[in-house]
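Please go over the structures that come below.
Both complexes below contain chain A, partnered by chain B and then by chain C.
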Partner chain A sequence: MKNSIVRAAGLQIRNQRIRDAVLNGVPKTGPPTLRSRWARSRYVSPEGINEAFSLAKEIVDKEAANHKSAAGEVEKELKSATGEEQRAELAKNLEHHLVKSEFHNPEVRFNFMVKDSVDLNEPIYRYLSRTEWAAKEMLILMQRLEQHHVIPDTMPTLDPRAQVDVQFVTPTMSSFEPGSFLSNEVCERRPRISIQEFEPIAKDSLYSVVIVNPDVPDLENDSFKTLLHYAAVNIRISNDAPEVDFAQATELADYLPPHPEKNAPAQRFCVWVFRQPARVEGAEISREGFDIRQFAGANNLEAVGAHMWRVRYDLTTDFIRAKYGLGPGSVYFRARTAKPEEALLHVRHRQKWEKFVETPSK
Partner chain B sequence: MLFRQVQQRLLKVQVIPVRTATKRASGGNKATNNTAGRRLGPKKGEGQFVQAGQIIWRQRGTKWYPGENAGVGRDHTIYAREPGFVRYYRDPFHAKRRFIGVALAPQETLPTPHFAPRRRRFGYKPIDNEDVADFEKSYLTKKETERLLEREAQLEDRLNKRATLQEEYQKALAELVPELSEEELDLQAVRFIEIRKYMNGGMAFEVSREIVDSHNRADLAVEVKTGRLSAEEADKGQKEIDVLNKKVDDKAMVAMVDAKFVVVKFATPEQRAEMRSELIKQIAELTKGHEVTPGEVIEKVELLLKKSVFSTGDRVTLRRKHLRRPLPIPISPENRKEFEKLAKKGEGEIRKVWLSQQQTMHEFYIPTGASMIFN
Partner chain C sequence: MMNWKQGLRAFQAVVRPHISAAQPTLVRAKRTTKLAPGASRVINMVSVISARKKQPRRLKMCKEDQVRHQMIMAAWKLHLRDEKAERTNKLKAQYEKITEACDELQKLDPALYEAATAREKGKRFSPEMRIPTDTPPRQPWQFDWSPPDK
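Presenting the complex of A and B:
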């Protein structure tokens, strides 16, 4: 088979046998991707697939070569360009040509399908990953943020550009969908967070992570106030290194586990991820009444991703409260009415409550 | 063509008989214009205070839409959802609609700006009576009660299992690290059980150990932060724990043997890799030169495969690679009698198989334990 175009070595299929099968057709022994010998012996290729594939590949390679040369020209232009707007436009154009040049590369498609040697420094893999994320996870995230009013209760809105994944350290180590209800025991310790950027960013770009809870009861004003549960700035993230290394970051407030109160409504824990234009030094923060908009504005932070989970009082809350010295917490009347005491004496509950309500405490 | 023309003509000719109404149906329409008014319209004016649930406007259809803190009923009645002050307003996001909402404070205007945080009322009241509070705290939903009962039912079984595991681990640790005292053994057995928990979730030994140790360190820091332990005490305790852990970590680890996590002699990942390659070499040596691997060799190989350096996946691949099982033999008129005899003895069976590449059915003699590969 003719190879008219030189591909980057990083985009090749790692396994040589599989690579030969993808490019030159299935060998007599059967497709090497099938695991059992039985399945391999049973495999039959569609008729004429090899001929059709080589014809298609010629066209695809030709197109790829065109995009490669176009990308080279744009790169030259980018080197001489000075205006910021012009540079951004050219960079976007360059990314487009680089993606297009590998878009139909069967090796890239194979690698991405089996999620093997996917190097997120390559524009094509970033493009494919973003497309996959935007088709499902991003939609779920935005739906949850809107449905649970995380926007606008915390930040005004979000233009999602990075995939944020939150995992609590448990034996199963599983991710969860935004908005899931978690047990208090599960969220006892700081979660692991990964920030996957799909736009080309410089190596070790700076990010901030803030976790806020806007649902703390404020009895004075008969409303809610915001409590800061975690804040870290100067987190280093690269396209191919999305895991947050908290040891390298500056922690402004250490992790405070969720500790909701009995019969109060469910609390939302909103994880916000910001891009930083520069290092943040000496930012002042108070946990109680934390204003995330003011914090983001003062430090020039740009929200690029978010996540959320919910908790309510459960069987493990008291254990967490005792362990972290957070006090016993209030207990609220179950009924949300002007005179909830009366609801206690409802026929259905009367027998249970009468002894308490009629004899006030000492 | 001709047939279709005839068919169309026939369809045109067909007459459907219709019976027109010659007799008036029942009911008249003379009495409909003097019903009593439905008392529709405003029940509360702009700025008036309302309690939650009070009706603000009665209407047919949605002449007004429910705004903030207001709801709409089955007959489109607008009512208050929170106590507050009635507001009649328009929202630039829905230019064709008119809204009725309830502001929580007398000076508040509606609508709340689109990107501003919502103004919310908490509305719950704390229970001051301690007894009532305790009783309310112990109240569980039906689901929670069921889960608690289920857990309690399992508790004894789980505690027993844990006790036996602890005993097992303690014994193994005592053998591997004989200098440990009874108390230290107890502590380390608990630590190893915790490590096992994470390994059971699919993590490597080193990763699990790091997680458990970091959690223990964090817990000690919490003790200091809550004032239950002084910083010096915690520091001293942490140092002692570190020394003890180091002593044990050089000699013991958790590994999977026979689908069970047990405490075995410690080996670094490099050492384990070396042991693994050594064992694979042995297996290759044992199975070399056989067309079909004999039973006694299979037994020996299986014994080697039981070693803890192999994962379940390793075992499958190695079996596949090194153990040669007999292959099915195609039956021809010459060898048919011979194989029929063998099949009767119970050493194999004769079966018809569809060969997809040749697109034919063919008969095969399949010895017991054969690989199902038909060529």
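Presenting the complex of A and C:
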């Protein structure tokens, strides 16, 4: 019974001493995961854990063997199945049995606990990662998207299936929570984006990333309009390679740094990630008045993930505007005058801007 | 009624009689003197009703043992699930057998079937049954008891 189930070699714990301790009990020298010799010598395992473990292993292995044989049968069925719906159903069933066959594997649990040799090609690691993400980060993301009305201001809704992580090039390279306020200087250059898929996808599946700002003041209509800040299509993503390689992708619009206006409300920068059914041919798109729904509909794109950050006019905005030649911008006032154009461009702001451009700061 | 300060002094007077009520200082060092009579009882009572005692102590385990513990708990759940499934299946099989036997009886002798499956209206669990208690009653069994006439 003990050797009835053969575990995949890729799921084993890499460190042999830790592996022995997990499978056969903590040795007399103490648990190898404890760092100091003092702690190792003091450690006492709970009473009876080794006896209980060997009994438990029989039950768990039996369960795993059942699921493994079920998975084998489903796989055979999948090979002979022809209908599209039937195949999808069988694939889902197969994934379920594959997850369940390693669900109680102590080695997998240990690897996932210490985040070591977690191979996202394995169904069990995808399941555990998704569960962890869905318990916290996904909830925060959806709350922010709804709270800040990214849904439905940009796209109608989102069924979150991929974990999108955005990192700007800063000394710490830390990722941020969706909806955070960032400084203009921080989001000056294109961020690093990773798209972690939890469903089994083909190697080098195609994805698109679009960053839009729906909060550009539209004076003529007394409203706001959308500006496209970045668009890239044909990004290659695999389950185990979530980092976006922009060099391989087709950029439809290069990165335009955020440049909010003085006294205008905070601007939302919405990152949308789409799955592509096929390659999208690059075509010129205009940034102003960009319609993301029309773009997604025309290219048959399916939204799977999103992220967002917010930017206000701050000390670094003028520096960014001067560096990238984005003009002085406008200054807005609470009171409306008969001649809005005159009031918009504050005289003192204009004078300061001219001085700033003449002698740019280091 | 005592206020809380008076209560504290009274408590200290029991626990630490060598400290006078006029000088309520805490002793932080290890206790060297013997406790006053009754003091250990008071301490016991107080510690039993404290919040810490109401939940079991958290197991402090290394990562290896955490994983092993998780697997044991999972196996226990599986075991309970299997046991429950086994019991359910057994009861289901028994019920099916009863139904089968009754059907057979109905075919053979309808009158006997009617008698066997007649609903016993008003038949209930004895209301005179003693209410279960933690300790036995003073008189364990009433030998000359008879049911009241209907």
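Definition applied: the second predicted complex is superposed on the first by the 329 of 362 C-alpha atoms of A that agree within 3 Å, B and C clash if a C-alpha of one lies under 4 Å from a C-alpha of the other, contacts with A are read in each partner's own complex, and residues count from 1 in each chain.
The definition used in the following text is that contacts are C-beta pairs under 8 Å (C-beta built on N, C-alpha and C of every residue); 3 or more make two chains touch, one makes a residue touch a chain.
Here the structure is a predicted model, which means the values were calculated and not measured.
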Broader residue contact with chain A after superposition on the shared chain, chain B or chain C: B
Touched partner set for A:21, first chain B, second chain C, both or neither: second
Which superposed partner A:114 touches (first chain B, second chain C, both, neither): second
Touched partner set for A:52, first chain B, second chain C, both or neither: second
Partner chain in contact with A:300 - chain B first, chain C second, else both or neither: neither
Which of chain B and chain C A:63 touches, first, second, both or neither: second
Chain A partner contacts - residues on chain B that touch it in the complex: 51-52, 83, 114-137, 139-140, 144, 148, 197-198, 200-203, 211, 215, 218, 222, 225-228, 320, 356-357, 371-375
In the complex with chain A, residue positions of chain C that touch it: 59, 61-72, 74-76, 78-79
Complex contact set, residues of chain A against chain C: 18, 21-22, 25-26, 31-34, 43, 45-46, 49, 52-53, 55-57, 59-60, 63, 103-104, 106, 109-110, 113-114
Footprint of chain B on chain A - complex, ascending: 37-38, 41-42, 44, 149, 152-154, 156-157, 169-173, 189, 214, 217-219, 222-224, 262-265, 314-315, 323-325, 330-334, 336-338, 340, 344, 352-353, 356-357, 360-361
